[in-house]
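Here come two complexes built around chain A, the first alongside chain B, the second alongside chain C.
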Partner chain A sequence: MRSYFSDFPKTALQASYWLFVIYLLLPLALMMAISFKDANFVAFPIDKWTLKWYAQVLQDKQFLEACLYSIFIALMTTLFATIVGVWIALLITTEGMIARSVIFALACLPAVVPGLINAISMRIFIRVLDIPTGTGAIILGHTVHAVPFVVIMVLTRLRSMPNNLVDAARDLGADSFVAFMRVTLPYLAPALAGGMVFCVLTSIDDFVRTFFLGGYQTTLPMLIFAKVQGGMSPEINAMATLVLIVTAAVGLYAEHLTRRSRTR
Partner chain B sequence: MQPVVHFRNVNKYYGSSLAVDNLDLAIEPGQFVTLLGPSGCGKSTTLRMLGGFEMPTSGEIFLDGQEISQLPPNKRNVNIVFQDYALFPHLNVRRNVAFGLELKGMASDAIHKRTMELLSLVKLTDFAERMPGQLSGGQRQRVALMRALAPNPNVLLLDEPLSALDAKLRQQMQIELKSIQKTTGKTFIFVTHDQEEALTMSDVVVVMNAGRIEQMGDPHTLYAKPRSRFVANFIGETNFIEGKLKAVDGGLAAIEWNGSVVHANLNGHSPTIGTTVAAALRPESISVRSDKPANTIAVSGRITQRIFKGDHTSLTVDLPGGQSVVAQLDPVALSAVTGDDVWLTWRESDAVVLAD
Partner chain C sequence: MMVDSSMTDTAKVSPRAGPSYAGWIGKLANSPIYAATIGLIANSRMARLVLLLAIPLIWIVTLHIGPIYQMARISIMDNYPPAPGGTVYTLDNYRLFFQEPLYFMPFLRSIVFAVCVTATTLVVVYPVAYYVAKVVKPENRTRALLLLLTPFWAGELIRTFSVIMFLANRGAVNVFLREIGFIDRPIIMLYNYFSLSFGVIYLISLFMLLPLYSAIEKIPTSLVDAAADLGAGPWARFRRVILPLSRDGIISGCSLVYLTSIGVFAAPLLLGGPNSTIFPEIIASLFHGSSDKWPEGAAFSILMLAVSLSTVGLFMRVVGGRTVKLM
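Moving on, here comes the complex of A and B:
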């Protein structure tokens, strides 16, 4: 552990850290608190507590369908982004490959291009190609956005891989495909797991791309957006709380996985 | 006997630079052969061409009489122990050793039996379920060795496998490697830049320089009868006697050196009389005396340095011609100290004429 600003007064430093933590967590805490309020208005104080909003949300067919739809899109996105991302990372580390930095820059571009620009360009693109808006278009848009995360994570891991592991596998009788499946892929596993979770999270969280590329079926963020437009209610808070808990758990787990891949 | 490995006119270029230059090398089965040379001499390239990781630019490589130069590594019945072991980090010791056997499609109980046998050979049965990251350097080395031996290769290749170990462990592993080679009866081809390692373990040492073989032979011959200045210099410590060749007589050369004429073993060379020749003379072949010996050629000089090295004493003697000679002797053999004048003699056959 390091220590920063060690000549500053300790209590002042700690107080400022805590202030920041409160600033981060207070809105979330308030949102969660309201989800237990036994009234139709989103306001304080909370006189009576209830779980009825959760019961209502969990029985809400629209909500459950949106959840399943979002998860389906996220999984498909992850599948495609992982295949493409691993492929690009392998391409970049291939011996004698020219223009590696160009390939890398192009692959990472979608991560830094503003979501709105990305979404509009995709919209124009699918119209040119006559691809209808809807599930396929959404998955296409999400995949483009998710690929850079996979590329960066897999590339980091791949670069730490000793060169002669594959040579050793070849030497012991593996052809190049078997060597990839039995040595390279297991070596990449922690980075792959981390990258895949990030794909799922960015896809589930995405609103802008879905908004431009989507059809009639609503994803979770679109459903929540529609509900908010219809007026705030503790039911929305309950929905958001559920989403928050699930995504935070998955995200922290992914962080744990990638940290392990960096240290091992 | 048919050689187990045969390189025939093998050249290897990297771009325009020549790494291996018209190599001709035949290796007899069951021997411990070392390719010895400084870095960049082509020894590792030679090994990698045999393993299938590099393809020769021209020439042919035979394994058991079969041409293999263009086969991929997985189609050759040789296995390699890499310098940094290259153990698979996601597999435990047992699965690492079993890797090659699994790919051969062996039945799983047969794999288990052979794996455990091999691990017991290096006393690692208790470590079978450990991951490579939990092992010491020497243990990893042994696992890598057993993994490479498991598929029962014709020839085992070892690419400087001891260079990452500390001195003590390295000596221990040298002995262990040699005894494993003896018990398995396999051909080992070992690459190193460490001449002591080469002399300790090998039946045959191949000294390489600039992509060519300088000399090939058993350790004793290489040490006692080096063919070239490079070999004499690379293996052990040596003095060079350089001067005009006066005469040749009965396998001996008479060389004008330092004001007198000294004799050296021609060692099969036939240099022209009148040209400058060089001969190698090992420090321990020189005897140092304080009085001029009768009936034998001797050279006089003055001691400029005397270093006690435990099992021997090293003397540096400056000759009138400006050269200095290093002699090695028994620590108590001579009481002479720095500044004393001494006489140096040696058996004529111990000085060896060199090729260049």
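Moving on, here comes the complex of A and C:
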């Protein structure tokens, strides 16, 4: 009896963990289940199963175009965010840099400002500069949002890098550009890979910035938003399931990469 | 080890002095164009410093500070785009906010909502984080954590959508309750505060989970054991040892969840009802459609930014006592 009581907190903790797992997974699992339902309306129970919604989604030109457009924006965002992020991180770690913590705080600013405010301030900014809304504006907005995360990831990795590696390369005659390309960049590679996948996923997922900065062409989140607001159909479930599987797989892979970069 | 072994016989192969490297970087570094451009910069200390400083500083000043500065500037204009007669700078937009309950009430609602969501998330997630960090065996810990992380790689809208179908009148919960004979007619769970909180916590509990997990994991088990040896029961051990030592995680988790939940946009549009309009929707409505409301929208955004950041600052001061890094 006594051991039962001393085990009680442990049992309660275990129960809370599994309840939380169910809370997280059940809605997504049920959403996936409905995508196989052979009826035109979204409701339980499911009596007949079908794959026709998937066939329909894969032939949906609007969906495929939105996917390609979102991926294009995500790749451009990642490219710019990585370059700028690494650059800022290098500046912060430069020896003898003054006001290091101020630069770091300012570099992280877009990640701390609530998403909606960030999007609105960008909208005002591009209007003041007369930049039209559309692809360029979306990429700019996503890049500004992604830079802080790259900076943080690169800084974490740079802190673990021995100082003498770059010095050794310089002593052996490499100029600073070559030393960066051949020593620093390969050392950063695992953290960068994880950070880049993170950038791609946040950009593809981003709704609020695209909502304010976007033009006429729909991105994937905009398309899903419009469909969900327009009315329910198992077609949305099939669409969401496909997107979910791809993003979750990429996300798990990135998790794997960053974990390896931390242990190596 | 980073420089090739071919370094040694470089002098024989290449007539030029200086190192050579394998691959494209070697070709690049030895080309005359390189020596005239990048090489020139890389070898001059001054040029290097300017280049290192210039790009990041220009980026941060124009794109991190610039938008917020412009927002602040427009918030004190009487008209945007500026009227032909010239711009008058005024505080009327801020005054309007305090005079009009239509704006003021959703703002209060938004703050209270974010505080409630943060508190609920903390209470719900704490035992889970503790379980993964301390109770689960170390070799299973990654797996237990990944099980919790995986759903968060699905996008914001997809998760919101799954919550809608979970709570709808003919959704999973209602159908299940009817099947087991618990209810006759569906409980209305969608388009009110319940669905909104359910969905927002569903979206952002990760931001609480990860900081809490890393803080709790760092607590040495020996401290908890020592407390137990000295006669502290489970509750005393939690309150006197574990809770104070996980304070950093609580602070950063709560700050992140609060800042995110106050700025959620898509979830309230899809999950909220007419009675649960929160401030982000009001702000967004000022920007969409009629552009003459931009100064008001900018002023409200500045207010919201100021209040949300100062709440977090206050919270860190009160709970943290000393300076704490957010990330």
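The working rule: the second predicted complex is superposed on the first by the 252 of 264 C-alpha atoms of A that agree within 3 Å, B and C clash if a C-alpha of one lies under 4 Å from a C-alpha of the other, contacts with A are read in each partner's own complex, and residues count from 1 in each chain.
The rule we apply is simple: a residue touches a chain if its C-beta (ideal position, glycine included) is under 8 Å from a C-beta of that chain, and two chains touch if they have at least 3 such contacts.
This structure is a prediction, so every number in the text was calculated from the model and none was measured.
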{"item": "Contacts of A:L75 with chain B and chain C, given as first, second, both or neither", "value": "neither"}
{"item": "Touching partner for A:A189 - first (chain B), second (chain C), both, neither", "value": "first"}
{"item": "Touched partner set for A:P114, first chain B, second chain C, both or neither", "value": "second"}
{"item": "Which superposed partner A:D175 touches (first chain B, second chain C, both, neither)", "value": "both"}
{"item": "Chain A residues touched by each partner, larger count belonging to chain B or chain C", "value": "C"}
{"item": "Contacts of A:I131 with chain B and chain C, given as first, second, both or neither", "value": "neither"}
{"item": "Which of chain B and chain C A:N164 touches, first, second, both or neither", "value": "first"}
{"item": "Contacts of A:E255 with chain B and chain C, given as first, second, both or neither", "value": "second"}
{"item": "Overlapping contact positions on chain A, where the chain C interface meets the chain B interface", "value": "165, 168-169, 172-175, 178, 182-183, 186"}
{"item": "Complex contact set, residues of chain A against chain B", "value": "162, 164-165, 167-175, 178, 182-183, 186-187, 189, 264"}
{"item": "In the complex, chain A residues that touch chain C", "value": "9-10, 12-14, 16-17, 20-21, 23-28, 30-31, 34, 42-45, 84, 87-88, 90-91, 94, 103, 106-125, 128, 140, 144, 147, 152, 165, 168-169, 172-178, 181-183, 186, 201, 204-205, 207-208, 211-212, 220-221, 224-225, 228-229, 232, 236-237, 240, 243-244, 247-248, 250-252, 255, 259"}
{"item": "Chain A contact footprint on chain C (complex, rising order)", "value": "2-3, 7, 18-19, 21, 25, 29, 38-39, 41-43, 48, 52-53, 55-57, 59-60, 63-68, 70-71, 74, 124-125, 127-128, 130-132, 135, 142, 144, 146-166, 168, 170-172, 175-176, 179, 202, 205, 234, 259-260, 262-266, 269-270, 280, 283-284, 287, 294, 297-298, 301, 304-305, 308-309, 326-327"}
{"item": "Complex contacts: residues of chain B adjacent to chain A", "value": "51-53, 72-74, 78-80, 82, 84, 86-90, 99-100, 103-104, 133, 147-148, 151"}
